[in-house]
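First chain A sits with chain B, and in the next complex the same chain sits with chain C.
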Partner chain A sequence: MSEKFIFQTGKISKINLSGKLDAVNAPLLMEELKSLIGQDVDKIVFYAKDLEYISSAGLRTIIFAKQKIGTETSIYFIEAQESVTDVITMSGLDNFLYIQDSFDE
Partner chain B sequence: MIRVDTYPTHKYKEFNLRSGKPVPFGATIVPGGINFSVFSRHAKSCELVLFKKYEKEPYASIPFPDEFRIGNVFTMIVFDLDYENIEYGFKMDGPFNFNEGHWFNKEKILLDPYAKAIGGRDEWGKEPDWNNCFQYRSRIAFDDFDWEDDRPLEIPMRDLIIYEMHVRGFTRHSSSGVKYPGTFAAIREKIPYLKELGVNCVELLPIYEFDEFENSRISPVTNERLYNYWGYSTVGFFAPKASYAATGKYGMQVDEFKAVVKDFHKNGIEVILDVVFNHTAEGNENGPYISFRGIDNKTYYMLTPEGYYYNFSGCGNTLNCNNPVVRNMILDCLRCWAAEYHIDGFRFDLAAILGRNQDGSPMHNPPLLETLAFDPVLGKCKLIAEAWDAGGLYQVGAFPSWGRWAEWNGKYRDDIRKFLKGDEGFSGAAAQRLHGSPDLYNRHYRGTCASINFITCHDGFTLKDLVSYNYKHNEANDENNNDGSNDNYSWNCGVEGETDDDGINFLRRKQIKNAISILMLSQGVPMMLSGDEFGNTQNGNNNAYCQDNEISWLNWNLLNKNYELFNYFKKIIVFRKNHPSIKSSEEEDYSTHLDNGYPKISWHGIKAWEADFSGTSRLLGMLCCGKGENGYDFIYTAMNMHWEMHGFELPNLPEGYKWHVFANTDAKAPNDIWEAGKEVILENQNQFLVGPRSVVILVGK
Partner chain C sequence: MDKITIQAVLENLDDMMEFLLNDLSKIISNKSLINQIRLSCEEVLVNVISYAYLEEKGNVEIIRDLSEEGMLFYQFIDEGVPYNPLLNTDPDINAPIEDRGIGGLGVYLYKSIMDEVKYERKDNKNILTFIKKI
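Coming up: the complex of A and B.
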């Protein structure tokens, strides 16, 4: 995994996820996400094609993104694997993020 | 601004500490750390034991500094904990003296009684490592679930239609067609089905963390492992069972269950939890140390003067519910489920125990029950008692209520079963039960909604088995068929068990329709058992508490096979919703007659207005009248539980009204029941020939 999760900032901020998002690296993602607070972000797009596993710590960073960065901010999960989308759906997170195959700006 | 109280004042090894807040009990996230707080009246000292998630050995043990103890509460804040990734327990040191009731053992690592999430048993049926010194691991739970606008639904009791179900059994069968069978998540997939059926409340068998391996063994009859499948044996009162969640292995059970509740509410369905406060999974004198026994045995359990456990629950021990500390724990627990999980109500298992004094004697005004009745947080929650216990205290009709408590009406079940199978002389009893059991529940004080009417529940025969078996068949339970009730008041319709005989199968379907008709036409609150709507069977097992297999799992293939039953259930439920006059009376309206002179409810027999309540009667006619926006509403139900056909004279209707058939269980489907509003006008408006063992429902309009 690259050192940086966020590879584009701005109204549309883009984040790359791969491998595992768990207790080891979720805090790092959290730190990066904190930099978006107050930045007038409309959309946060997680590219998750290569994400194999998301733990509760990983899911909580997504919740953080939604609750802290802005209630008007939309969250997208792109090309996520079924095992990941299932966990998102079952834990009720699907209510406030969009799970999509691709993202058009 | 950074607050001064977010700084540590003490240090133990590498851990920064500060004196904690004694309340709330349990582990609470505070700025910079976690506040731990645990009660023990008799312990001399206490240690907090910390584990990295899933690791066998603890990585730290922090004694609560003596100067942090407030009264009987050990409390401290530990700073800079990676709370996402730890599990914790307590070690307590104190006296060990059996006769005095003290069981302290400083070697045992104990579950926090207030743990809001529990790890260690994340997958159902996966045999644990019994050498592990700490089986149930307290975790820190988060309260960041997004409820949006959700709130408990507060459906009036009189409108409630309860569906009792087992979380795992509901979808575990391969025929259920869900992605993750047997889990909370799977229930969400079945919500459209429940909506179609028409129920508006589900009552879940225990979902608190319990140990399915408690008393687990291999059945010599089936060679299958027997589990503690129902789960009436609590390990942790504040935590949802991890292995009921498909995401339990990710530690997301709290969120998954909340997502289910939220989804139910979106679909207009309430959630009631079956809660077990009468005993715990620590069992009798030979049971394991899990939590309470090592934290303060003498406070949490009812003990004989010699130090043995009282066994009013039939399960080895009895929680000391009317000790003020335990009482408060129960209150905290229910408040947690009501506030944090948006639970709509609770059904209390063996609730008569909750009214026993600390020496076991029944109390007149049990403080726990009174507290729950008047608690502000629980103010709109349904409170339902199973009003008996295993120690012989039977309080149906007499459970202390303060106008708040409803009861599982065991007399309803027994009387209606006897009436259904054609026992003579039960017409009068049936009339009482249909009327909301005014002989048990004073109309002015408790009202008909105090009566939860049911014919079947998890404990006993399914409805299909009630009409297919004369005797219980519990051999698979490995107790020589001695377990389970012998008083089933069931009738097999001619042959014991499954049969190809068309006549018998027709009669069984008819009896099932008769039963659900009577249930849905009764005043009070109807409760049905899940699967009864498609003829689910347990092959005559009336106590499937240990059967985690096809005996108790709902077989969804039967839905197609018995669609006729599902259709009948669906339509009779709509009928109940459409006709307020068959539900309980309006609140605070105790008038007995309408302005057109008709009684709101009246009883009839072969002759109209002449009910036969004699010792040989098997017939009953019931006329319900109400007034709606479009005029008067008349519903006449003829119940012939005799094996011969009888003509029922029909009560006269006012001018302009005619009798129409809504249902006739003696008719073959699809003529057994009609769409609401499409009832068929009767040619003979004076008399109806009611077939043997049949129920006919007419509408006057």
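Coming up: the complex of A and C.
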């Protein structure tokens, strides 16, 4: 099955987010993230330039990623729009994420 | 005032959101605020869809009103099991990630986003009201 979100797996795993991450498609992202559990993942990079909207279901998948894939795993949010980073901050998730304009390996 | 009654199933979420957000961008230029309103409404609706009706499918009635004074009013009415989301304990958003529960975040967010959130149980209905000054 082709992945809708994850486009690179490995120590640095990369995920593309676009459109809306809501209650309808957050479970699909969750399923893909589960494939990273038990893998040796140092960094998870969410490319969020084209992400228009994130719901609480979407925020929960990020908490899930951090808790289940590894609390030592660093999570990056790249080029996220302000309307997305606003709710990340309101949720206190900015404490666990690196919100950046670009990702440099 | 606009009103719809629609079956509370996930397949209808997009239609519900369209009704709730219709023309909102004409009066609210702040995209971040529109997204926060969207998140708040989605949280309520997904909760009704997921938990209100145990065996038989049921409806959710949604009312939207925008007063001339710039007050946005939403009401969500279902005939499901009694549920007052305002009784939930707020998550500790400053807790370490290992200790973060995944429940309660959405309710916490809409309580932060809306100016007023009211719950009422009346005639076997859950009635949740949002008021937001814009």
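Keep this in mind: the second predicted complex is superposed on the first by the 102 of 105 C-alpha atoms of A that agree within 3 Å, B and C clash if a C-alpha of one lies under 4 Å from a C-alpha of the other, contacts with A are read in each partner's own complex, and residues count from 1 in each chain.
As a convention for this text, a residue touches a chain if its C-beta (ideal position, glycine included) is under 8 Å from a C-beta of that chain, and two chains touch if they have at least 3 such contacts.
The structure displayed is predicted, hence computed values, not measured ones.
Peer 1: Touching A:92 in the superposition: chain B (first), chain C (second), both, neither?
Peer 2: both
Peer 1: Taking the superposition on A as described, I'd like to know which of chain B and chain C A:68 touches: first, second, both or neither.
Peer 2: Neither partner.
Peer 1: When both complexes are superposed, which of chain B and chain C contacts more residues belonging to chain A?
Peer 2: Touched residues of chain A are more numerous for C.
Peer 1: Touch check for A:43: first (chain B), second (chain C), both, or neither?
Peer 2: It touches nothing on chain B or chain C.
Peer 1: Report for A:83: first if it touches chain B alone, second if chain C alone, otherwise both or neither.
Peer 2: In the superposition, A:83 contacts chain C only.
Peer 1: On chain A, which stretch or stretches are contacted by chain B in one complex as well as by chain C in the other?
Peer 2: 23, 54-57, 59-60, 63, 66-67, 86-87, 90-92, 95-96
Peer 1: Considering the complex alone, what residue numbers of chain C touch chain A?
Peer 2: By the definition above, chain C touches chain A via 10, 13-14, 31-32, 34-36, 38-39, 42-43, 46, 49, 93-95, 97-98, 100, 102, 105-106, 109, 112-113.
Peer 1: For the complex, which residues does chain A have touching chain B?
Peer 2: Touching chain B: residues 23, 26, 54-57, 59-60, 63, 66-67, 86-87, 89-93, 95-96 of chain A.
Peer 1: Would you tell me which residues of chain A are touching chain C in their complex?
Peer 2: 22-24, 52-57, 59-60, 63-64, 66-67, 71, 81-84, 86-87, 90-92, 95-96
Peer 1: Over in the complex, which chain B residues touch chain A? Could you list them?
Peer 2: Listed in rising order, the residues of chain B that touch chain A are 53, 82, 84-85, 142, 144-146, 148, 179-180, 183-185, 245-247, 250-252, 255-256, 258-259, 262.
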